[in-house]
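In what follows, a structure is listed as structure tokens, so that the remarks can point back to it.
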Amino acid sequence: MSPTEGIRPLRQLPTRRLEALVDGVFAIAITLLVLEIRVPIVDSARGGDLAHALLDQWPSYVAYTITFFVVGAYWINHHRMFYLLRGVDHTFLILNIFCLMAIAIIPFPNAVVAEYLRDPAMRGVAAAVYGLAMFTLAVMFIVTFWYASLKGLFREGVDTAKVRKVLRSYAVGPVIYLLGIVLSGWAPLAVLIVYFLMPLGYLFEGPVVEIDEGYLGAGS
Amino acid sequence: MSPTEGIRPLRQLPTRRLEALVDGVFAIAITLLVLEIRVPIVDSARGGDLAHALLDQWPSYVAYTITFFVVGAYWINHHRMFYLLRGVDHTFLILNIFCLMAIAIIPFPNAVVAEYLRDPAMRGVAAAVYGLAMFTLAVMFIVTFWYASLKGLFREGVDTAKVRKVLRSYAVGPVIYLLGIVLSGWAPLAVLIVYFLMPLGYLFEGPVVEIDEGYLGAGS
Amino acid sequence: MSPTEGIRPLRQLPTRRLEALVDGVFAIAITLLVLEIRVPIVDSARGGDLAHALLDQWPSYVAYTITFFVVGAYWINHHRMFYLLRGVDHTFLILNIFCLMAIAIIPFPNAVVAEYLRDPAMRGVAAAVYGLAMFTLAVMFIVTFWYASLKGLFREGVDTAKVRKVLRSYAVGPVIYLLGIVLSGWAPLAVLIVYFLMPLGYLFEGPVVEIDEGYLGAGS
Amino acid sequence: MSPTEGIRPLRQLPTRRLEALVDGVFAIAITLLVLEIRVPIVDSARGGDLAHALLDQWPSYVAYTITFFVVGAYWINHHRMFYLLRGVDHTFLILNIFCLMAIAIIPFPNAVVAEYLRDPAMRGVAAAVYGLAMFTLAVMFIVTFWYASLKGLFREGVDTAKVRKVLRSYAVGPVIYLLGIVLSGWAPLAVLIVYFLMPLGYLFEGPVVEIDEGYLGAGS
């Protein structure tokens, strides 16, 4: 059986809608992060201090910034990979739903970390939960597009070996998240700091799969 | 009167926007599911245990996973059916709004099940509510596209008899949900287990209506 | 000055994005309606009855269904009118933002009605709030597209007189809402029943502005 | 190195998806503003007055109206600037994520102002928080598109000097917000009034970068 049999080409099942669902879930998940940042209830009659109360919830701002940035970077990567696809089959659609499930749950571990970041007794569990969510997201992402490479779902001009190399480079993430989960019982603060610094890597572009311009000129 | 009279062809009223509304509602409904998963309030000074509190709300995670997957699978089916349409009329738009209403309410029965899954006295009612919501969604979906088949809203290359066969195969779902509602007073746990296993069927592609490539090549 | 000067044609400032914003706000506003339907807190140990508690919040289900349907119907009307546009200018964009503001606030009056529907002492105020929100939405909608007709923003094939006739027919809505607000202090229940029955009118298509097919064949 | 090296032209990485993410975040952020407006809990048996309670939360309505309008106006500006782009590079994508971060957090400062607008002791801090959020958003917007002008990301027909002139004109906003932050400790009410009147400027179109029609006719 040829690797392209049973694939619904992108032109047939318009990917526009799959992209719309994916972009929608990403956009909503990152925007819902703001719901975790609550307006502090301060009573001025009792000498409450709004400025202090606002500064006191700094973990919420830190978590918001880091998590928003990570999910935003995932969106960039999903965008890039997805663009290389020529078509999708049913299994890809199913795998992609699990990817979205891993994206849409992110506000939850984000809130757990924001809530328990400062509590030394709880910090380890919070770090493990955050690490587990990020690990799952990273693995689902790699599995989904690795499947695409196995089934020949990429466009003609795309070098599948290069795609796999890029996907393999993404595997550094889940390995660190997994290590972090294991170590979160011993050094939770160190784990959280590593987790929070990891997104800095996204500031650099990293490996990119180029497509032959000619093909695109004809096909897009 | 010919069955195609009074239809606004897809090219005229751009379906792009109908798709955008549909995809938006789907994306938001599944992403709002996360709001049901709350950060447990644990006080370490009183010997609270965050890990235990997090594991204790396992019904929320189960409900999230199952419901997200079901709605995601519905999106795939909606996507496929909608793609076969040549045009929509006013009644189709109205029926589609009722479909969206059935999608957008899903976070509510999902939260009811997550909240009362473990309470033997409440479980039956929760199962009935979940079943009713899923039954309504399935029926609205079938009715909407059955209407399209009655009014000849499908593209030229599409075999309407095949479409109806596929829609009839979807009817297995609501029948089981209905049976579950009836039985939820006697064996609520069994009903919920069946409800939760049903989505496994979506892992397989099921019957698909193929379109003549030639027509698509010319028309899309 | 010709009425078309200063207009950014649709092809130049792609309306795709204006549509995306509009569709996004509509989709989110209707999906947020579900957040008003809360899971009742029932304690079975104290003889609580989940079925009764769920049925007891029937005003929430009624409000959800009616309001969802009204906003959905507004989307259909916005879609149809917007499709007739040839281009937009700055004032249209600003008016459209006020339209979106009127759409996005709908979950609030919806929740007010759901909360106070059964309280005879409060019902009048709730009806007035709901009527005011619906009145504002209807007026903003008509003003926005009336402005478009004044500035010649419609496509060449569109009969502006016909558009205004359609817009005038929409004016029945705000007049009834306004009357309802005035009467809500005397007969709140009657007003709410009228408000809730009004959307039935949307089940029928109503007047539609047709566009010359030939122009569309060439221009879309 | 030529300024256009390393740029992924818009046709290659389809901007449709970047726009979808941006529009999604804007749409969600403005629609989430409604969640801040809560249904007042009034007990008629204890002589509660719903009308009074609703009017009493006027700061929420004022904040909703102003903030919605500001974010809507930002969307117009983003739309206009983005449309001038020929392509994006990795750094632009990253800067754009920070823009979205500044948009998505807006419901938080909006809620702070709505909550503490009437409390003379807290008003200053609330004004400073609101000003800081608006300042950050304005600066991120200008930085993102200024970067685009430095890297030659604009289309061929676009006059970069004109773009920068427009961006410079936008700089009035952050300067006023910054002044407001400084003065919020002394005259918080005056600062808030200025902040709330500033959006009136958006009612006028302001400077616009025109593109050569010919180029667009060929290239879009």
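Going by the order they are written in, the chains are A, B, C and D; count residues from 1 in each one.
Methods note: contacts are C-beta pairs under 8 Å (C-beta built on N, C-alpha and C of every residue); 3 or more make two chains touch, one makes a residue touch a chain.
Note that the coordinates shown come from a computational prediction; the quantities given were computed from them, not determined experimentally.
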Field: Classification of the subunit C:subunit D interface as same or different, half of numbers criterion
entry: different
Statement: Maximum distance between Cα centroids and subunit B occurs for chain D
Task: Could you grab the centroid distance between subunit C and subunit D? Build each centroid from C-alpha atoms only and quote it in angstrom.
output: 25
- line: Whole-angstrom distance, CA centroid of subunit B to CA centroid of subunit D, is 35
- line: Multi-partner residues in subunit A (2 or more other chains touched) are 16, 20, 24, 27-28, 32, 35
Field: Contacting residues of subunit B [partner subunit A, same complex]
entry: 16, 19-20, 23-24, 26-28, 30-35, 37, 39, 42, 44, 50-51, 54, 64-65, 68-69, 72-73, 75-76, 79-80, 83, 202-205, 211, 213, 216, 220
Complex interface listing, subunit C residues touching subunit D: 11-14, 16-18, 20-21, 24-25, 27-29, 32, 35, 90, 93-94, 97-98, 100-101, 104-108, 111-112, 115-116, 119, 121-122, 125-126, 129
